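Once you scroll down, you'll see the structures, which are given as structure tokens.
One chain, chain A, links the two complexes that follow: it is found with chain B in the first and with chain C in the second.
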Partner chain A sequence: MIPVVVEPEIGGPPTAPTSGAPLGVGRPRSRFGRLVPNVVLVVSAVFFAMPLLALARFALQNVPTVLLGWDTLFDKWSLKGVTGVFKEEQFWASLRLSLKLAFGTVLITLFLLLPTAVWVHLRVPKARSFVEFVTVLPYMIPAIALVAGIVVIKPQARWFLNSDLSLIPFYVVLALPFTYRSFDAGLKALDLRTLVDASRSLGAGWGTTVMKVLVPNLRTSIIYASFLTAAVVMGEYTLADTLLIESLPPFQQKFVGREPQAGYGVNLLALVSTTLLFAMVALLTRKRDPKRKTFARAAANAALTSDKAQNNT
Partner chain B sequence: MTDINLAVGGRTGNGAAPKARRSWAWLGLVPFFAFLFLFLIVPAISVFSNAVRTEDGLSLSAMGEAFSGQNRSAFWFSIRFSAIAAATGVVLGTLLAYAAATATRPRWLRNVVTSFSGVAANMGGLPLAFAFLTLLGRQGVLTKMLDEGLGIDLYGGDFDLGSVRGLVIVYSYFNIPLMVLITLPAIDGLKQSWREACANLGGTSFTFWRRVGLPVLAPSLMGGFLLLFANSFSAYATAAVLTDNSKIVSRRIGFFLGGDVSIGEDAVGYALAAWMIIITAVAMLFYWLARKRAERWQS
Partner chain C sequence: MTTLDFVSVRKTFGPTVALESLDLSVKEGELISLLGPSGCGKTTALRIAAGFEFADSGAVLVSNADITRTPAHKRNMGMVFQSYSLFPNLTVANNVDFGLRTRKMNATDRHRRVAEILDLVQLIHLADRYPHQISGGQAQRVALARALAVQPEVLLLDEPLSALDAKVRTTLRDEIRRIQTELGITTLFVTHDQEEALAISDRIGVMSNGRLEQLDTPREVYRNPSSAFVARFVGSMNELPATVAGNHAVRVGEHAVMVSQTTQADGSPIRLLVRPEDLRLVDDGGLPGTVTTCTFQGSATVLGVRLDVLDVVVAVYVAGIADLAPGERVEVAIDGQRAVCESIS
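Our next item is the complex of A and B:
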């Protein structure tokens, strides 16, 4: 899996076209031309909803799986099958471990990568494109190949790699391409040198400058990188499974084998909580632009701009 | 701090630090590079060194063995289904991005498509595999509903979620949204005025796409294909649920690392991993170049 950053969300102005309206705005369209996009959208919605609904049926319907056809569509929905997992000692242990891993990964990311990104922008701008290139290296080494390398060095570094938490630095590396990119995009949108110089010349030390000037300005990037990292770590299976570390995903797999219904329930729970996590990011990183406070305002603005575009054409 | 004096005094125009300072500034990057070296470069190099080392010195025999027999068919299978999955993702993802970009009716639609793509593109792994198992597996909900409702027996032929067709369907769940995220900015980069200019010069809609639209989108489409290929090729967790131990390369490496293999074949597992790094690295390198090229039109 290659985690991605949704570019327009981070820093800078939204991707408004600089000259001319984007294609398709205010263009008279044939009936066929209108139909095709709608069909595409509806078919996509069905495709993306179906697996989740099927998983929900397996997890939440108290019907033998052999009978999960049309007739039983509305029968016996209940949470009973899912709640069984909360009685599992192993579930809580693996959840605790995964949360620790996620927290540690976010912490190291913030304390190692963020200062590096700031330092690059402030002091060694010449190295920017080189560092940017280096940060995508993890994309070139698939997780399963990385873990093969870890298995090789394990005999030499048992004191470190025997601990379950030794996964943390490797997770920092796996998350590096999008965490760094998120910080980089945030920094690009700032006039960093002026901000820092202003803060320093007003007598602030480096600590104050970082906490009172940089962090608030990079709020969106920091939230985005942290949540995405946490989501990726909570779902990471390859390293954990190969190194026999009992974090949440290996448990999810084993539990399906032991108690299918509750097992599917845990996986449904994982999907739902990931989705909620992302929804929360979207809410937290929403642009606090006073002009776009309400949805109605935003809609009105959009209508105005598209009217303008129509007048121009 | 000297820079502040300089900035205030304005002696050097853009606040460039003096030479002596600049050479020390590199030291600030040492922790980062050391970290990366320890936790990424060292493991990667160990894979290569274990792939070519035998009891009596260096040998490329394992690297060759990784391409013969069962390993060869695993590579062939992986490359084939990754390429098909990538092509499917490129076509359907671009179609969906275009639909979202041109749909004017509900204004929130575009935001929903982008946000959902951001979620779904990151939604690989176990839960997704299990979701498809409950949908299209032998006991799957859709399998049963198709059978009951329309009399279509999905498993009458050679369909299986671990086959090329099955994996392509499952991987499309994260490949299509990933493609949407890649092409949407590129499609936004196509200006309405270009279309008008084309029409004024007597071009049809076909001319526009042939001469302007596709050439501008080409780097994004090409880059998207490579990224999706690498993404499908290196995926492990999803495949772990859907395929057996040795069908695809990533699973085969996991099988070798599991240790149920005789010592002599040890190097082959690392050779497989080494080849995997080489293939993914080449794909990502070209993706990187394509992306730099695509950004030209997206100011």
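Our next item is the complex of A and C:
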């Protein structure tokens, strides 16, 4: 399962005037110009959906593979194969472990990478391209190279590598290309220096500035980075298998070997769940806090309180 | 009683000297504008006052207390930035409330203070809006309200009007002055816009290359610039080649012009810097020339006149509507009393 890097959308339109004409203004596009994006969209959708549909037919249709054709398109669909996996005890153990690994990886990634990205943007902007290069290395160097490294250090670090959670640091590294880019895009969209200066001039220390100003304004980036990291962890097979840790992907691999049809059903479920999760992220990051107390109400309450206090005295 | 003093403040960024040795005193309730071109060190001075940068040497004093090494969040300063610096995730009211929360003021007092200050900037009706739902002018008023809400000892304004359109800029400029006068808050205002500085300030500090060239009232800075740089930077200036002809006179072409003082030797070639309003059209006895442009500006007309003898075009202000067209012959007289004589090296 390879996660897709999605450029985060940062909270609301910018307050500063932007240069250039607004979107939609200018020369009307030709018919060809209007057609091309639609064709690309349709081709992409087909490219994305066709393998899933084929997988769905193989996993969920109780029809021998050689007979899968247009005439059997609607025959014998059943969720029985997929639901069978829920009865497997190891499935739940692997899922729990993968979720634990994902949670740990997300936490450590946020804890390490967010301050680093902020620091690089604020204090050493010249180092940005270097940091970007470093963070993209896990993308260029295949996971199998990392595995080779692990094999080398394994005799000396058995105490650490024996733990299921020993995968977390490696997953943090593997997720770097996605997470750093997400933070970087979020920080680029903010007038970071001014916001930090404004916060500090109002008496906020670094802790308050990060928690009250930066984190809320990087909400979208943080959510995307977290989901991308989780997606990397939930889909990573090579490292887990090397360290003999049975997280979800090694379990899936074994399950497919044992029960191919149900196994691919589980894979399909995982893909659909990930897609739905990212759709949910898009919705989540648009939503404003509905419970926000309005100033008018708060000011009225304050006035009431002070009136009461005056009456009491 | 709050005063702000820079005592021999020096700041460098690598090999670049941003501030050479700045000595500046802002009196209680005074508004001083630091005026100068980009890179002259005015924003660095402001950032040092705010605590975002630290001086390499010298001291910054607030009411005679040394705050040179005090971190930004421990100084009681209010600052308004050039770019709209409102926190996008907070409403207008919550933006104003931010500084009060960090000071751990109780909720009732905070709400009252926010209401008061939003009322002062006439934006109480926008309290529940988010920054992206208000205009640029409103955003800067909110930023001003936010800076004032914490009752700062000193207000620092870093080109707060430069991102606004002309009309809003004028309105907000007047509003800043009104509020500053009403609250009597000691204020340092940084701008590169001379009109803004002239209109709003008690005193103007004109800066160039990290040095304070002149610190004086707007009228003095305009009428009696202390250097050729100040003369050129503040207001419009005509530059005429001339020759020194005594302690109080110069020769422009064949015409003698009385000036307040010359420091150069007799016969030295100089550049005479004269404001357009110190040139006037006369019927006889002036420098002859031809009108090249005639620009009507409402209350005045600006004429471009090419002087025959010097072959330079000068700007001449004429009150009201000048009944002249390009190509017409005129004569221009120079009032040199407020002119600056610049040596030609």
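List of remarks:
We take it that the second predicted complex is superposed on the first by the 229 of 313 C-alpha atoms of A that agree within 3 Å, B and C clash if a C-alpha of one lies under 4 Å from a C-alpha of the other, contacts with A are read in each partner's own complex, and residues count from 1 in each chain.
By definition in this document, contacts are C-beta pairs under 8 Å (C-beta built on N, C-alpha and C of every residue); 3 or more make two chains touch, one makes a residue touch a chain.
These numbers come from a predicted model, not from an experiment.
Residue contacts after overlaying the shared chain place A:F278 against chain B, while chain C stays out of touching range.
In the superposition on chain A, A:A49 makes contact with neither chain B nor chain C.
In the superposition on chain A, A:V173 contacts chain B only, with no contact to chain C.
When both complexes are overlaid on chain A, the residue A:L79 reaches neither chain B nor chain C. Contacts of A:D191 after superposition: chain C is touched, whereas chain B is not reached. In the superposition on chain A, A:M211 contacts neither chain B nor chain C.
With both complexes placed on chain A, chain A has more residues touched by B than by the other of chain B and chain C. By the touch criterion defined above, A:S201 reaches both chain B and chain C. Taken together, the two structures place residues 15, 17, 197, 200-201, 299, 302-303, 306 of chain A in contact with chain B in one case and with chain C in the other.
For chain B in complex with chain A, the residues that touch the partner chain are 1, 3-4, 7-8, 15, 17, 22, 25-26, 28-29, 31-33, 35-36, 38-40, 42-47, 49-50, 92, 95-96, 98-104, 107, 109, 113-128, 130-132, 134-135, 139-142, 144-145, 147-149, 172-174, 176, 178, 181, 185, 187-196, 227, 230-231, 233-237, 240-241, 250, 253-254, 257-258, 269-270, 273-274, 276-277, 280-281, 284-285, 288, 298-299. Partner chain B is touched in their complex by these residues of chain A: 1-4, 6-9, 15, 17-27, 36-38, 40-41, 44, 47-48, 50-55, 57-58, 65-66, 68-71, 112-113, 116, 119-120, 123-124, 127, 131, 133-134, 136-153, 169-170, 172-173, 176, 193, 197, 200-201, 228, 231-232, 235-238, 241-242, 249, 252-253, 256, 263-264, 267-268, 270-271, 274-275, 278-279, 282, 299, 302-303, 306, 309, 313. Residue ranges on chain A touching chain C, taken from their complex, read 11-17, 190-191, 194-195, 197-205, 208, 212-213, 216-217, 219, 292, 294-296, 298-299, 301-303, 305-306. The residues of chain C lying in touch with chain A in their complex are 50-52, 71-79, 81, 83-89, 91-94, 98-99, 102-103, 107-108, 110-112, 114-115, 127-128, 130-132, 136, 139, 143, 146-147, 150, 156, 163.
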